[in-house]
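Per-chain numbering from 1; labels A, B, C and D assigned in written order.
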Amino acid sequence: MANVAFIGLGNMGGPMAANLVKAGHSVTVFDLVEAAMDAVVAQGAKKSSSALEALASADTVITMLPAGKHVAGLYLGDEGLIAKANPGTVFLDCSTIDADTARKVGAAAAERGLEMLDSPVSGGVKAAQAGTLAFMCGGTAAGFEKGKLVLEGMGKNIFHAGDHGAGQIAKICNNMLLAIHMVGTAEALQLGANNGLDPKVLSEIMLKSSGRNWSLEVYNPYPGVMETAPASNDYKPGFMVQLMLKDLGLAMENSLSTQSSVPMGALARSLYASFSAKGNATRDFSAILEMFQGE
Amino acid sequence: MANVAFIGLGNMGGPMAANLVKAGHSVTVFDLVEAAMDAVVAQGAKKSSSALEALASADTVITMLPAGKHVAGLYLGDEGLIAKANPGTVFLDCSTIDADTARKVGAAAAERGLEMLDSPVSGGVKAAQAGTLAFMCGGTAAGFEKGKLVLEGMGKNIFHAGDHGAGQIAKICNNMLLAIHMVGTAEALQLGANNGLDPKVLSEIMLKSSGRNWSLEVYNPYPGVMETAPASNDYKPGFMVQLMLKDLGLAMENSLSTQSSVPMGALARSLYASFSAKGNATRDFSAILEMFQGE
Amino acid sequence: MANVAFIGLGNMGGPMAANLVKAGHSVTVFDLVEAAMDAVVAQGAKKSSSALEALASADTVITMLPAGKHVAGLYLGDEGLIAKANPGTVFLDCSTIDADTARKVGAAAAERGLEMLDSPVSGGVKAAQAGTLAFMCGGTAAGFEKGKLVLEGMGKNIFHAGDHGAGQIAKICNNMLLAIHMVGTAEALQLGANNGLDPKVLSEIMLKSSGRNWSLEVYNPYPGVMETAPASNDYKPGFMVQLMLKDLGLAMENSLSTQSSVPMGALARSLYASFSAKGNATRDFSAILEMFQGE
Amino acid sequence: MANVAFIGLGNMGGPMAANLVKAGHSVTVFDLVEAAMDAVVAQGAKKSSSALEALASADTVITMLPAGKHVAGLYLGDEGLIAKANPGTVFLDCSTIDADTARKVGAAAAERGLEMLDSPVSGGVKAAQAGTLAFMCGGTAAGFEKGKLVLEGMGKNIFHAGDHGAGQIAKICNNMLLAIHMVGTAEALQLGANNGLDPKVLSEIMLKSSGRNWSLEVYNPYPGVMETAPASNDYKPGFMVQLMLKDLGLAMENSLSTQSSVPMGALARSLYASFSAKGNATRDFSAILEMFQGE
């Protein structure tokens, strides 16, 4: 079992840390919000007064932070986690951030001879609580073997996507594709409905045909087709529009730096940006169907 | 067993008629191309000298024609199939045509008390030969029950999408969605490749994640990822760009008449139109990936 | 001066016919709505009880109808205008319709040795009243020279675009381009505003730079920038969203039949379709700016 | 007359500096490429051995650099231009860079009490040589009045767009709009040509109608329509595809940070990215028309 320092206990980080405790790891936590720490401590974690204090006794460090600048700020520099870590420490940054920062921080760790994985998660708060997250990891094969042992305490599918940054790339590629087929599914179902077809019947047909995709299978955006989907629950999230917009933003940012052409992804981002700005930021991302409906 | 008149023996119609013979139906065929008839006659069908001659002894009529104008021309008018059919005849139009024509012809049949199904197919030449086509049907429930018995001789999945025209709508909705996730999958895989990821690894990750879709599962557009896919065979079709362009055209036409908003579908059509015009019309539709690659 | 039969006296046709009277032509009108005729008769036109009656004494026929099917219905067939017209009659169809119908009707007139121009108008109700419409004409050079003499009574710019149908094509190309730069101008101005720039200042800069276009020059979509523009008058039309949507529909229809790639035009149409369905059909088309604004 | 330090003598910077000499200013230049300096020195400028040496005697500093990181690197820090400048120095950064960097550098200058304008140019190499560039400036009103006196030596239209960064924003808004109407104009002209219209006639009609825009007026993308346009000269630039792609990248980057929806701009960028990757990076940006043509 590992000695884990877990930094960043938000909606996702809190239940993830708690699952590590349940899995038998020794977990020391840090967050700027005291109450966030208390909740995990109540389940068996140890509290610390700073990230560096948590780091001191750890062989594995997990971070779950909002954006690249926070990750760079915490890991880099003379007082950063990398400079201060014990030899042999493994870093697992589970934040969803830009690939460039992930590569930079991963390279800095490698320079000190430390393994680091960018390992963004897929699955949302429910999966974090249930311990069924997916992790898409970037780093060395050796680092992946080590990190996997700990990540397994929080999730089911642990993928090795490639070198430093590849975890972030895999996530943005996946989520861009998700956005595209969600919007496409919404368009197709509404086109059918505008012609008098029953969206439930049309969904069943397309599910058994070449239109099949994850949105149709487990997350149907048309209200009433799938009882458990956010669409049948007033589009209560689920996965919020603003989070999809963030991920599409990371995908676009990467497409700019690699001069990639992503016309569908770019269109999806602008549609979500328009939809988000009209008061829909905190609704489920499948609500984009409403863009194609009449009043 | 049914007495079937089968009209239109192209790449699809030929093997479909042959499968009906094998299934034990009595099949009389007609096509303007003599050789096309001979091929099916060699497998046990009877030849006729005109569509009306084939119609004379039939209780079931199947048509497989290029476009709405051919269907209207054959079925409607004083000398059309509907006017000349025996009472109780069931019409199965397997052509992929515009929904408006399908509705018009279906209504004309209903006026004479005849059942008619627009029942476009999904699956391509291989599925036509193997008898594993999917049929998306529009018509009455009673008509569907009757027609299904014959369609089962040519395919596996027989869907009842709704009233007259609903089969055509289901097909264009499905194929529009297929085009969208094919282009999206191509964009996502190329974005990953531009970042140094192995498209095979990225495909495996997305297949187990929310990016999952039919294109990724059975028709990966990146060369070398899936041995049996057209992408690994120089994009030899498969499903040709020009056929996808035709289906997207039908979807757009319908979006115009129903004033539907289909931004992703419309973008997919223009990308395919641009790609097709550059000498790619007869290549497999997954070759669209090349639009996102460098030279 | 010509003996004109004018058929179709809607918002546009009414003032157009009245201007012909003022220009000194002898004008006989017909419309299904009695009151529409009365209004023009009050200004000096003669009333007739049917299109054919109006035709009887005419050397020039002008029609202003909603769609291709009305034009085909009126002109073609044994009882149509073409069959019944006096030798030497010139037809001017000012309706905005699909090019295919325009070509078909033009060809039918030619077969009887009659000149016909598809001559859709540009400019709206105000220009119809002021006699400052633009006409984009398709037909022979000889027909154009004859028709122009009458069209000059209703407008200022009379263009000869090419053969039968070319007038309609010129109009849909122009209006598709108008939609594209209107949406683009809206995006650009809102992007500037989101960065704190004054839309008026930004408009002035772009007007003197390479972003310059008609929307910026005479129809600025940002409220308050241009006093006389619909944007500064609650987006009261002007040119209604639903009319732009109709024209974009005609452009898309033509792009399908010519297998043309029009990604920007297709995206503009779907954006307008989405916007129109949200209760904006009768507002001015420059209101599309709201799609890019927050609440 | 001013004592100008001019740093960055590329294709644009070289002729700009030479024009300042002609205008009577005293100009000291610096560039890493010796030959670039020699060319301007031959026209009357003084050479210096470093940016700081050039700065020493200057009251006005002009920089023309490739990207934000070069600007930040040169201006900021203890050894940067801002720290080392004489009191009263005016900075004119004519580079086209991201607005965030422009704001940051502008703020740093303001902190030392110095005026700074981000003043990106519009117009290309020919305008740089002819002294007819346009400048879009961001900074204080006082700074603008001072900077304008020097900028007038290099260009004709000098605009004050707003505060620090506003010059960059005005430029990306303008160039995004330019890309949109260039692609739109190409689509519209090709749609017309696909219908048999003469692109020259269609261009003339749209120029006098609501489709009018800068691309149609002075830069027609259809070969043969406008003798002096790059389209009639094998698309020899002019303004290269890769430069338009860079500007669209800056516009997209800004749309991400401001959460702006720019569907047309985003689509234009992906079309240009796709086109550029196919060996067209150094051709004129109006060559995008070829994307809509057959072989």
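Quick note on the criterion: contacts are C-beta pairs under 8 Å (C-beta built on N, C-alpha and C of every residue); 3 or more make two chains touch, one makes a residue touch a chain.
In this text the structure is predicted, and so the values were computed from the model without any measurement.
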{"item": "Those chains which touch chain D and also touch chain C", "value": "A, B"}
{"item": "Contact-richer chain pair (by C-beta pairs counted) among B-D and B-C", "value": "B-C"}
{"item": "Intercentroid distance (Cα basis), chain D paired with chain B, Å", "value": "51"}
{"item": "Interchain centroid distance [CA atoms averaged], chain B/chain C, Å", "value": "38"}
{"item": "Numbers and ranges of chain D residues touching at least 2 other chains", "value": "255, 259-263, 267, 271, 274, 277, 291-292"}
{"item": "Interface residues, chain D side, partner chain B - complex", "value": "263, 267, 274, 277-279, 291-295"}
{"item": "In the complex, chain B residues that touch chain C", "value": "245, 249, 252-253, 255-256, 259-263, 266-267, 269-271, 273-274, 276-277"}
{"item": "Of all residues in chain C, those that touch chain D in their complex", "value": "99, 122, 134, 136, 157, 159-163, 165-166, 169-170, 172-178, 180-181, 183-185, 187-192, 194-198, 201-202, 204-206, 208-214, 217, 219, 251, 254-255, 258-265, 267-268, 271, 291-292"}
